[in-house]
Amino acid sequence: MTDAPAPTPSYSYLGPAGTFTEAALKQVPEARGTNWRPVNNVGEALADVVAGRSVAAMIAIENSVDGGVSATQDALATVPGLRIIGEYLVPVNFVLVARRGTALAEVRVVNAHPVAYGQSRGWLERHLPAHGHIPATSNVQAAASLFEEGDRADAAVAPPGIVELLDVDVLARDIGDNPNAVTRFVLVGRSRELPAPTGADKTSVIVELPDDEPGALLAMLEQFSTRGVNLSLIQSRPIGDALGRYRFVIDLEGHVRDERVADALLGLRRFSPNVIFLGSYPRADRREIQYHSKYDDGVFVEARDWLRGILSGEPEG
Amino acid sequence: MTDAPAPTPSYSYLGPAGTFTEAALKQVPEARGTNWRPVNNVGEALADVVAGRSVAAMIAIENSVDGGVSATQDALATVPGLRIIGEYLVPVNFVLVARRGTALAEVRVVNAHPVAYGQSRGWLERHLPAHGHIPATSNVQAAASLFEEGDRADAAVAPPGIVELLDVDVLARDIGDNPNAVTRFVLVGRSRELPAPTGADKTSVIVELPDDEPGALLAMLEQFSTRGVNLSLIQSRPIGDALGRYRFVIDLEGHVRDERVADALLGLRRFSPNVIFLGSYPRADRREIQYHSKYDDGVFVEARDWLRGILSGEPEG
Amino acid sequence: MTDAPAPTPSYSYLGPAGTFTEAALKQVPEARGTNWRPVNNVGEALADVVAGRSVAAMIAIENSVDGGVSATQDALATVPGLRIIGEYLVPVNFVLVARRGTALAEVRVVNAHPVAYGQSRGWLERHLPAHGHIPATSNVQAAASLFEEGDRADAAVAPPGIVELLDVDVLARDIGDNPNAVTRFVLVGRSRELPAPTGADKTSVIVELPDDEPGALLAMLEQFSTRGVNLSLIQSRPIGDALGRYRFVIDLEGHVRDERVADALLGLRRFSPNVIFLGSYPRADRREIQYHSKYDDGVFVEARDWLRGILSGEPEG
Amino acid sequence: MTDAPAPTPSYSYLGPAGTFTEAALKQVPEARGTNWRPVNNVGEALADVVAGRSVAAMIAIENSVDGGVSATQDALATVPGLRIIGEYLVPVNFVLVARRGTALAEVRVVNAHPVAYGQSRGWLERHLPAHGHIPATSNVQAAASLFEEGDRADAAVAPPGIVELLDVDVLARDIGDNPNAVTRFVLVGRSRELPAPTGADKTSVIVELPDDEPGALLAMLEQFSTRGVNLSLIQSRPIGDALGRYRFVIDLEGHVRDERVADALLGLRRFSPNVIFLGSYPRADRREIQYHSKYDDGVFVEARDWLRGILSGEPEG
């Protein structure tokens, strides 16, 4: 008698096939040959992870034009037990597509996801100054809607990969306003095992500030600066219970197994009424973290040894 | 021969009638008896002001659940010549409406502005667990779409005032997840005249950080803390030209005619490659600004007199 | 056969009998009934301790009029292996004494230790405007010199207790310019055992700043402020190898066994090329240290537990 | 009839001829051919200036071994109306001298000014381990005392120039412990005219901290760091009215006519209950002040213009 084969693991992503999120998932070596579950939004993707239906979910967390993806940041702040395990970058590029035989001059209404619309608005206003906009729930859905009964759109803004999925004419390429646009994705799981440090890592946390304390944001930032830890992202998000209360989504350079990062997190935890550790993971760009040698691990270890000597009453080295 | 009567001034707002934005505009005494121009989005509203079609526009800038309204913040950062002249708060409350005769149990697809959807999602998931969502461009449009040909929605999330505008059944009231939700609006004009200080003022600025300077955010915040100026809002927004470059939308307590605020703005201007002054104006809640007496105007004036004495070579008082 | 009796321990102090230092030593319960070794200066006192001739030495470290006693601070910075084990305050009060039969009007030259002279200069200039000054090596020596052959002084500034030692007339009492003057003494030993925390403790350190780092002093002070540790003394002293290089003599509120103090010392040690821990000991005034509850020991312990959970991969509590 | 010739101006200095202070005064071009008034101490020198007997006084303010000269710093803090107008450095070097015919082996008691004694103690302890010390009021006086009746000293520590003044044998040269030792002098007058900026200037101030404010020292230092102003000296001195109250003697890099310095002084004056401006003057070493271009005068002027435009309601440039 033999064991039953382990079931193939699943990865959730914002579907359908053809989205930028799928392009991000294609960058994950571990995801090859597994089940890929297309879902409708970030909430569903994370629910899959929490319920164990997927080992991880790929979700957009920032793009260079539109800033933090609010829904993702808020979900990570409120759904417990999640960990970011990887970061991926996808260049953002758009095409304008239409049903076969449509000419650009005929386009009066454009279907587009609001973010994609915002990123190609310059092109659209130059080439289709009188166009109307219908918002879609995703970039692929924008194009798919062209084939739905009753849809009023003549064209759609879509990712380049759309041509592999739908029978459309491409009316224009590279219509994004920013040729360097890129979207940042994170792979989120629920394993509490930390990826090994690589020297090119990021650590993500979500931090609440203590109430009614003028200078609290300054005091929080000092927790990092006094340990030589740089921030690559800081975003405020309303906590939602009252106007004027915020939490901060923070990416820091380094791994929690780096002494300077661990010590900064200790300081942060003492300072803040609520810190959520979202994980330490390799940076998408694999760029090595630079920091002053006075924040080397050895400096922290040496200081602890020194203090231990004082507390134990042993003679100094 | 007599002068032609002056044309009635116009105010632009996110229309149509019935929106929360209209409710904010109703709070402005100067707007009574003027032309009110309903527009489709923030861009149009601000364009009316820039072109002189309206003396001012009412736009949403923050709500307690969804944070900064990105489009507004980005428009204020990029459209030159605008000034905030007033702040207004509107409680946010939602009803679920449908065409006459629809029962709640029949609802499968809900039309809703994404922000309204986000704010009533808890209720919708509890009462309509299998519903689909179609995004609308405004809360009123969500309800109006119920009467458009080809629309697939069965119900819409809308402001309470919708019943005065459309012939709908109210399926449920108070479906917002947060009973204290409130949206903050600002009235934006192009007059460069400053409203007089009231002792209960706010000043809004948008600030870019110098590049590649670790600790730049900390250094910026010190410009405020060393002058005893509290911040009531700080939001980062991507500048949009590259991942990792941000501008900060900041509301500070006090008026630019308060010495401590003026001096903080000087420090900010020297520090930052780009500061946009968006205005000083009375707070919506009329709550008086509290600050330590060591930041009184007289302290600043006295210090300047002292320095002037040193520079002029006169004997000290 | 019986053990030989343990030798009586010795305490060194700036002698001879009658000095303020002796008055400080009289406050030490453990010193009663032991040998008291009068010495000529701080260097000799500390040398006694280092060589084991004395278990401890009483030395002046600060007075409210003349500031840090430079020689003491420099000796503590350069003699290794010393620890402060107690702090004592002695009110500073002076009398003007002379050989029997001398009238105040006859006094032309006054012998006085430079510090005592500085502290009674106001009185001397009012009552003896034409007097000359001869410096002495100690307050008692100033009076004793009146009886040395060849001495040109007619009177001496001395501590009140001098009348028990020498046959002098007191020409005037309370001649100190500051009626609240007090000198602070420390008892210095070489035991590495830490006195138990009392809740009213001080910790003394000597710290060098890293070279050529603008803002280094600011960065050092942040090590304390981010842990809620107040300083009761900060004195700069030249290191002596080049103009412009300083070390700082610092007294902080709290005991190294207090978590917030231990953590601040860790930060200090990482920051500074050279930190000398001089000891944690009860404050002379027994005043309990006040600090914000967010710096309680429990907060530090809890944060460490939290971090340990992250590093070990265990689920969060 | 002709005008009476203007009286020759006087300069006061710690005499007699032969002191390091005289060597400093020899560096002042304006003092050549004037009257030089030797005085006994810093108080007399400053009193000459205040009373108008001298146009300026040369006084020692710091040496690299012994730190701030307390009496000078305290006098500058308490005598009103003084201004530092120049800074001078004198290498500190000592010889051991004795009455003609004395051999080194015969020396048992050494007369020396306490500072000179501190700086040659290493040599004295190596070569004269059993010597006693008699303190003198000046380096020249130490040597002169060898010829006074009743003096018990066999040798004296003196400046090298002593051989031009007194008939002594030099028993040893270069007995200072630190071959790089240097003393810093300042020339103090009462003119309120500021020396012109040279690009290599210093500004001296004395600052009291606000009472009972934890972090007050940190807050004071931020006044400098936020304007890019470096400190070349910071010394705490007890105010003298109670233990634990300090004033700070500060030298900053730059001239009060430099915008960044002027603005830092404004901040300091607002912050502190008491700031004494002691003057802006050329550095002794004529080394040009380095600072980041973001603190250039033009940056300050531009920011003021910008603020003035906002306050006046004019359109931005």
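Per-chain residue numbering starts at 1, and chain names A, B, C and D are given in the order in which the chains are listed.
We take it that a contact is a pair of C-beta atoms (placed from the backbone, for glycine too) under 8 Å apart; a residue touches a chain by one contact, two chains touch by 3 or more.
Everything numeric here is computed off the predicted structure, so don't read it as measured data.
Trainee: Count the smallest number of chain-to-chain hops linking subunit B with subunit C, moving only between touching chains.
Mentor: The fewest steps needed to get from subunit B to subunit C is 2.
Trainee: Check every other chain and keep only those touching both subunit A and subunit B; list them.
Mentor: none
Trainee: Using mean CA coordinates as chain centres, what's the subunit A-subunit C distance in Å?
Mentor: Spacing between the chain centres: roughly 57 Å.
Trainee: Please report how many Å separate the Cα centroid of subunit C from that of subunit D, as a whole number.
Mentor: 26
Trainee: Can you compute the centre-to-centre distance for subunit A and subunit D, using the mean CA position of each chain? Integer Å is fine.
Mentor: Centre-to-centre distance between subunit A and subunit D: 59 Å.
Trainee: Where does subunit A touch two or more other chains at once, residue-wise?
Mentor: In subunit A, 222 touch at least two other chains.
Trainee: Pull out all the chain pairs that touch, please.
Mentor: In this structure, the chains touch in these pairs: A-B, A-C, B-D, C-D.
Trainee: List the residues on subunit A that touch subunit B in their complex, please.
Mentor: Within the complex, subunit A touches subunit B at residues 62-67, 70-71, 89, 114, 118, 133, 135-137, 149-152, 178, 180, 182, 184, 214-215, 217-218, 221-222, 225, 230-238, 240-244, 246.
Trainee: For the complex, which residues does subunit D have touching subunit B?
Mentor: 81, 192-194, 210, 219, 222-223, 226, 256-257, 262, 265-267, 269-271, 275, 277, 294-295, 299-300, 302-304, 306-307, 310-311, 313-315
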